[in-house]
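Here is the structure we will look at.
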Amino acid sequence: MLTIAILLPILAAIGVGLARNVSTGDGERRLQQVATVVAAVPLILLLVAWSRFGGSGGFEQVETVPWIPTLGVAWKVGVDGLSLPLATMTALLFVVAIAYPVDFRGRAAAYLALMLFLEGVSIGLFLAQDLFLFFVFWDVSLVAMYFLIGAWGHGDAARSALKFFVYTFAGSLPLLLAILALYLASEPRTFDMAELIRQQPLAGAGLYAMVVFLGFFLGFAIKTPMVPFHTWLPPAHVDAPGPASAILAGVLLKMGTYGFVRILMSMMPDAFADLAFPLAVLAVISIVYGALVALAQTNLKRLIAYTSVNHMGYVILGLAVAGVVAPGQEAAQRLALDGATLEMVAHGLITGGLFLISGSILTRGGTYEIAEYGGLLDRTRGLTVGTAVLAFASLGLPGLAGFVAEFQIFAGTLGVFPVLAMVALIGIVVTAALFLRMLGQMFLGPLPERWRSLPDLGRVVLGAIGLLVALVVLIGVAPALVLDVIDSFVAPFVAG
Amino acid sequence: MILLAPLVPLLAAGAGWWLLPRRGSGWLLLVALVLTMGAAGWVVASSTRELTIGWGPVLSLSLGATAFGATMLLLIPAIAAPIIGYAYVTEAASRRSLVPLLLVFVATMELLVLSRDLLMLLVAWELVGAMSWLLIGHRWRDPGPPSAARITFITTRIGDLGLYAAAGVLFAATGSFRIDAIMALDRPAADLVAAGLLLAASAKSAQVPFAQWLFAAMAGPTPVSALLHSATLVAAGAYLLIVTSPLLGAVPWFLPAIALVGLVTAFAGGVVAALQSDAKPALAGSTSAQYGLMFIAIGAGAPAIAGAQLVIHAVFKSLLFLGAGVAMHESGSGRLAGMRLGRLRPVTALLSAIGLLALAAVPLTGGGWSKEAIVAAADERSVLVGTLVLASGALTAFYAMRLGLLMWGPGQRGTAREERPRLRADDLTMLPLAAGTVALSMLWLPGGAAWLAGADGRGFDLFSLLLSMGVIAAGALAAVALDRRGTLLAPAGDRGAELARTWLGFIPLFQSAVARESMRLADTLARFDARVVDAGVRLIWRLTRTLSRAIAYRDVVTVDGAVRAIGSGTLLTADLSRIADERGVDGTVEGTGRAVGRAGLESRRLQTGMSHEYLQLIAAGLAVALFILVIAR
Amino acid sequence: MAMGTDMAVMVGDVIPELALLVGAVIVLLLALTLPASRQAWVAWPTLIALLVAGIATVALFGGEERLTFAGTYAVDAAALWAKLFILAGTAAVVLLSVPWFRKDPRHGEYYALLLLAALGAVLMAGAADLKEVLVAILLSSVTGFVLAGFHRRSSLSSEAAIKFYLVGALANTTALMGAALLFGLAGSTTLEGIGQGLAAGGEGARPALLLGLVLLLGVLGFKLGAVPVHSWVPDVAQGAPAPIAGFITAIPKVGAFLFLARLMLVLPEGVDWQPLIAVAATATMTLGNLASLWQDDVRRILGWSAVSQTGYGLMAIVGLGASSLALPALLYFLAAYVAGNIAAFGVIVELRGRTNLADFDGAGRVRPALLGSLAISFLSFIGVPPLAGFVAKLLLFAVAIEVGYLWLAVVAAINTVISIVYYVRVLAPAYLRTPAGPIATLARPAAVATYLATAAVVLVGLLAEPFVAAFSGRPLLP
Amino acid sequence: MTLDLVLIVAAGLFSIGLYGALSQQSFVMLMMGLELMINAGLLALGALWAFSTAGSAQGQMLGIVFMTVMAVEMAIGFALVTHVYRARRADITEKLRKLKG
Amino acid sequence: MIPQPLIDALFVVFSIGALVTGYRVFRTDSMVRAAFYLLASFAAVGGILVLLGAEFLGMVLILMMAGEMLVMAIMMVMYMMNPAGLNPMWMVHQHRRAVVGGVGSFVVLVGAILLTDFPSASRPPNLAVTEQLGIELLGDSMLVFQTAGVALLATMIGVVVLASQRGRFGSAEDGSAEPPLQPDEEPA
């Protein structure tokens, strides 16, 4: 079933990509509807998987097909408390992103095919229980995203796409080397994650383990992205079409943090514990730096992009806290890891929504410059409310998804790295400032003459954003829905 | 069931969004307000003491009415009801959004006072803050309110960090967020929690140095100001300390620090109120000062009295704000200079006067009682503090009198329209508040204090009472005297008015020193980010390029290339120094790309297209290969 | 060594080779008899010869690994696989050639030479003897020179041929001195004998051994296009007829890599050849990638990229003997590389030799399938999963890491990143720009070959198991 | 006549040949350099065959291979040079530099 | 059998001859003369080979080179400028580097030769050299021999392809070019 959730969109992508006669608006719309329906299937399958989820702490619903047994490679997918929420969030975000109206530039089939392909790949990454498979999905996602940005982006899209591709590919290669090092150290050699977690191949490998750690770290830190490896992010976001940005921020960035937990913390816990403090420091730098740089941005998308740096910093901070050796603080570590994982989901929904909205703003106003706008609340209630809720969620307002996650991270961090937590708290104020400033400048105040006829969001968009907002609220009000699943992974993990 | 208290107003708000535009919605609103109060009362009366909601595997939310919490729970809807009524009456155009928001505001505040753990408290706390953003920015079409709302939210959020920290430290130390767990804390953790709570409370209750956000908050409609000054937003800070200060006995500096903050604010706020030339900011200054008194009471170890002061202040301050709203409406602006509406709105003037008496803490009013109690409590701790509080009474009396005269004084006969005194709808909403203010005078009755403050109903000693009266009279008389001389509007001249407008200089301090500097930092970082962050990466790339160029010089591989090698070594050095030079100017990844690109061009030079040079390359290459083989052992 | 009765057995070991030779002769004779209008038919016997050779090769798989012809020729799994790659690649080149050379009447000579070139590569792959490898290289080279210069009216073609020749002749020549020295030291020319002889030689043999080795490696480097004997590769890729460019940059490499592997394995203990190969790999991949960066000619880009790919392949050689993954990595890399290279050049052929970068604007929209093939082959070169190139790189990196050459893997990784730029420089305008005009293609056979090669790139990647399993666990003779 | 002496003569021939191959502009002269190098290889082979390998039959065969290489290289070389000279009027290496970079 | 002193003397003569004539190849004003110097050098080497006992190889070398050099000389007369050495001929490039290459290779080679202990295993004096080669050719080295034959076949075909201006169906140049980018265009 999980296999279907991965392969169906990929195969459907081929079908959609070969679709003919979609040059007319009608044909495009119909194809988009078909693609949306296809995209929803994995979501349904994952929800079924969710309903069957037992919370045993290990991998469940595992499906294994030998792939390259000689090398210990298998098509092995499954879920646990970490991957299930992320995969489900991914599927959901893709449904929304695929349904989202976008300027196809006469190539609807290719666009939708790429999106579907990317959906399968992204879900696959989170479900993969095999490092080889994981890396396959990891790398392929870059290619699909490259074309999405390059072909449907705006501004200097080709260049931004190339920068994205080269930079993130540069990150994926150390990752590959590190995976290989892990593989070569295992006995019997295998790429199977569960087996590698059991074996802990590099335990006590000293300097070598550090080098391997560095490889993983580079790969994940670039993808996440952590300061100072983040400079690919703003141009990629600014020039990408709205839905692609949403996927980039909502899904692709999570791959980095997911990798931190799934690989570094699980397979090399000793090395991770040794380096957790520097990692936490880097995370705090990301938090504060990302927030401050975002504050200075005048471009809506750049602003949101930098808040991603900030939020991903929270995630890493939570991970570092959970990974360090801190006797007596297991509860705090559990809290931190719960929070960090939830933050991945929450950030996916929130920032995904914000990027979708900024895409709509661009199609309406033709620019991302915040200062160009003003008083839009007058014309666009739906747009404003959606933006405001998501912005508040992003700045961590209780009752919305971001708060639960961030609060747990902070509370956990205070138990382990109190000073860092205090510094990181600055981020909360700065993000509040920048989002409120953005909201104020764009939606409040007097309405400039040129926007008198700005249309509000269409039905599809409202529905899409509404769905995300509803989920953000739902998680914010009843986080246990997701946290219980997450904790089924976290509690045994932290307990060791 | 406990959830009913916040849920009812929340539902009412939802219903209001649909129903308010219709006819006859006033009655529905009344029903909603009554239900809200009823729900609060029912929760207080019900036997359920506590409710715990699982909020996740580790997190849980506890709700329940503590003793003081119950008081607050009742107070909030009681204060809010007239105010919302006032909003319904006066803000007809925007009532559809304003009234529901106010109801939500009430709901969040009720949630706050029901919180039994710091997590729930933080949730409600932040929600209250967010609601304040929505309410203060309610007149969003004007350019001012949105930024005022932002200042409010951000300033209080700086304080919120304290609460975050306190909650986290509490959890780290005890494994629980429960407020009663604070008691069990040991010193370093307890210190952190205490500091966090003080920070949070100071910011929320508009204490120095955060007090100035209250000015910004005046951008909101009058009912909003009335509500957030009395029973909600601002009250949250004092409430927090009232609830938690008894639990932090382990921290010796905690109470004195609270008292100090309160004392400074009491005077500073008083001065601001006395010098302010606009109605609402003057009241805002007085709010700070009054909460300063509460802080002093808490610091003096008498949280019960602080609680009483909170209740009393809530009642009369909301009354005063509604009055101010009427005055502003009538005079068309918030400037005190154009008011003196006593003749125009005698009923309103009368109702306001009741509030002003309580503000001035005239004995036999509720305000008078609480102030005397604070003086007494402070005296017990330190005679100096007691004396200072007593002295601040003069300031309070002065600005109360000043406001009364400037707003509601009789004014020039004939300049204003004169009407037959009658009770209007807006006056009607003030009536319950005025009644409440009067009713609170019963505190002076023997045993009267017991039900509100749970405090002993001890009397005040006569001497200090007389002294207070003297001080108050002096303050009031000073105001009258200044009025006679015509300088009441600007008692300390332009400079004083300026000081008041800038909250004794705090506003520019925050705006330039904090806000602008952080903006500048942000800008600098953004520039840094765009230009320099990749410098490290770029350096590596440049070295690669230089290296490849060195390799690419085909001459290097031949014998006479030794000279060239020196030459390219020089080039390398030159390159390095240029990199160092350019670092700050141009550090983009694009620079990286260019560097590699140049490396590409350089390496192409190796392929000269001339076959004899290919052959030479082979000969040289094989020689190098032999060399490697020979040395590789 | 026994003679006579064994001869039949031995001939049985070289049926694929004989099929190619006979095929070449038949093609020649047939071309002499066919009228002008039917000359192109000789492509059929060419294909049949390749097919027969392929079947014969498959049939040989059942047998044991063995040396034949007095130890001069190896029949082992690696050689047989290599032959299959060579034969399949050559067959694809034949298909590419049919439309490309339609106007050229000299079909007989062309296909005969092509078959003989394939034979040369096949013989290199099996050679276990210095004499044999020298003549095999000679055969492969001499046909290559001629094929590269086959376009008589193209000045680039003849220039490519003579540069190819000059570099090759020098490499061949120096190799002779190397072979003489090795023979002198070991007293034998078979690899088996050399291994034994050198092992007995001890420390005193070292200077001449190293010199001879380097001289011999020169000619292998020439066939591989490894630095410093790489200079011909971009010139030939650009100047030679496009199908031949695809052939020469890939097929002989298969044979050369195998012989290089065999040679390295017989070297005695004291010779630390790994650093040399590692350095050569580094230099080769780095130079290839850097030089590719700003080329404006797609064929030339492919030529330089062929150089860099050789560098990657050399990583497998570094691990030979120490890593059980080395041989599978090498074979897998060769399979992936041959398929990818044929696909890429196939696209160029099918696009009628379109090679100017500026001519590719919007080609992805006009010819989505063809440019899709190009994209897949490029992505495979980069090493994007799940394409064959990815598994190849994964194995190569694994080998390097396993034998302690982490730095080499890191260098290769950095190079891979650099390489993205030039591959994308071709693909980006093809997909992101608007087409300037119609883009004509050649006839169907070239497209078929291109798509088959593309499918191979995908399938070999997706269904890697049979290949990896088949490449593993079988020894490399001698 | 010792092994070392013959080998040194061979080395000399090889070096002269290499010098020629590197220095001559004319294709034909360049090829003569290559010839000399093969010549040297053959001489070295002969010496090693006679002094070091006990007259191994493989050595003689290797010599045949050397001569084959020489013959083939020269034949193809002449053909190519002829062809290029006809096509491009080029007889020295410097005249062929369209393909570069 | 030739006596050893005579062998040594002949070796010295042949060696000097080979080196000197080899050197003269690149120090003459006529390519034809260069070809004959080369032939002389080969002949000297052939002589040494004979002295070493490889009569067959030596003789074949001399015969083959005689033929080849004739061809070369004819070619030079046909195509190259300055065939008869009427003008001084000095056509070199990168001369200094070439000298370095030559000298360097000599130093390396001699160094390697002198530093190496080659196995000492002299040819048996009564070895039937030609017979040995024949058996080898048709026995153990059968495959090599065949391959060499194929290489020669390929060379013949190749030489025809490259050098012949006439094909079976007219000029060899016809259609021998890349297809044009558009089907109706002239070939590039």
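Think of it as A, B, C, D and E in the order they're written, each chain with its own count starting at 1.
Assume a contact is a pair of C-beta atoms (placed from the backbone, for glycine too) under 8 Å apart; a residue touches a chain by one contact, two chains touch by 3 or more.
For clarity, every value in this text was computed on a predicted model and none was experimentally measured.
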item: Both-way neighbours, i.e. chains that touch subunit D and touch subunit C; value: B, E
item: Between C-E and B-C, the pair joined by more C-beta contacts; value: C-E
item: Chain at the geometric heart of the assembly (C-alpha centres); value: A
item: Most widely separated chain from subunit B, with each centre as the mean of CA atoms; value: E
item: Distance from subunit E to subunit B - Cα centre to Cα centre, in angstrom; value: 96
item: Rounded Å distance, subunit A centre to subunit C centre (Cα mean); value: 43
item: Averaged-CA centre spacing for the pair subunit E and subunit A, given as whole angstrom; value: 68
item: Interchain centroid distance [CA atoms averaged], subunit D/subunit E, Å; value: 5
item: Where subunit C touches two or more other chains at once, by residue number; value: 131, 135, 138, 142, 145-146, 149, 152-153, 161-163, 166, 170, 174, 177, 181, 184-185, 187, 210-211, 234-235, 291, 295, 421
item: Of all residues in subunit D, the ones touching two or more other chains; value: 10, 14, 17-18, 21-22, 24-25, 30, 40, 42, 47-49, 52-54, 58, 61, 65, 68, 72, 76, 80-81, 83, 93-94, 96, 98-101
item: Residue list for subunit A, restricted to those that touch at least two other chains; value: none
item: Set of all touching chain pairs, with the criterion as stated earlier; value: A-B, A-C, B-C, B-D, B-E, C-D, C-E, D-E
item: Subunit E partner contacts - residues on subunit B that touch it in the complex; value: 558-560, 612-613, 616, 619-620, 623, 626
item: Of all residues in subunit E, those that touch subunit B in their complex; value: 93-94, 96-98, 100-101, 104-105, 108
item: Subunit D - residues contacting subunit C, complex; value: 10, 14, 17, 21, 27, 30-31, 34, 37-38, 40-42, 44-45, 47-49, 52-54, 56, 58-59, 61-62, 65-66, 68-69, 72-73, 76-77, 80-81, 83-84, 87-88, 93, 96, 98-101
item: Contacting residues of subunit E [partner subunit D, same complex]; value: 7-8, 11, 15, 18-19, 22-23, 25-26, 31, 34-35, 38, 41-42, 45, 48-49, 51-54, 56-58, 60-61, 64, 68, 71-72, 75-76, 79-81, 91-95, 97-99, 101-103, 105-106, 109-110, 113-114, 118-124, 127, 129, 132-133, 135-137, 140-141, 144-145, 148, 151-152, 155, 158-159, 162-163, 165
item: Partner subunit C, residues of subunit E touching it in the complex; value: 108-109, 111-113, 115-119, 121, 139-144, 147-148, 150-151, 153-155, 157-158, 160-162, 167-170, 172-183, 187-188
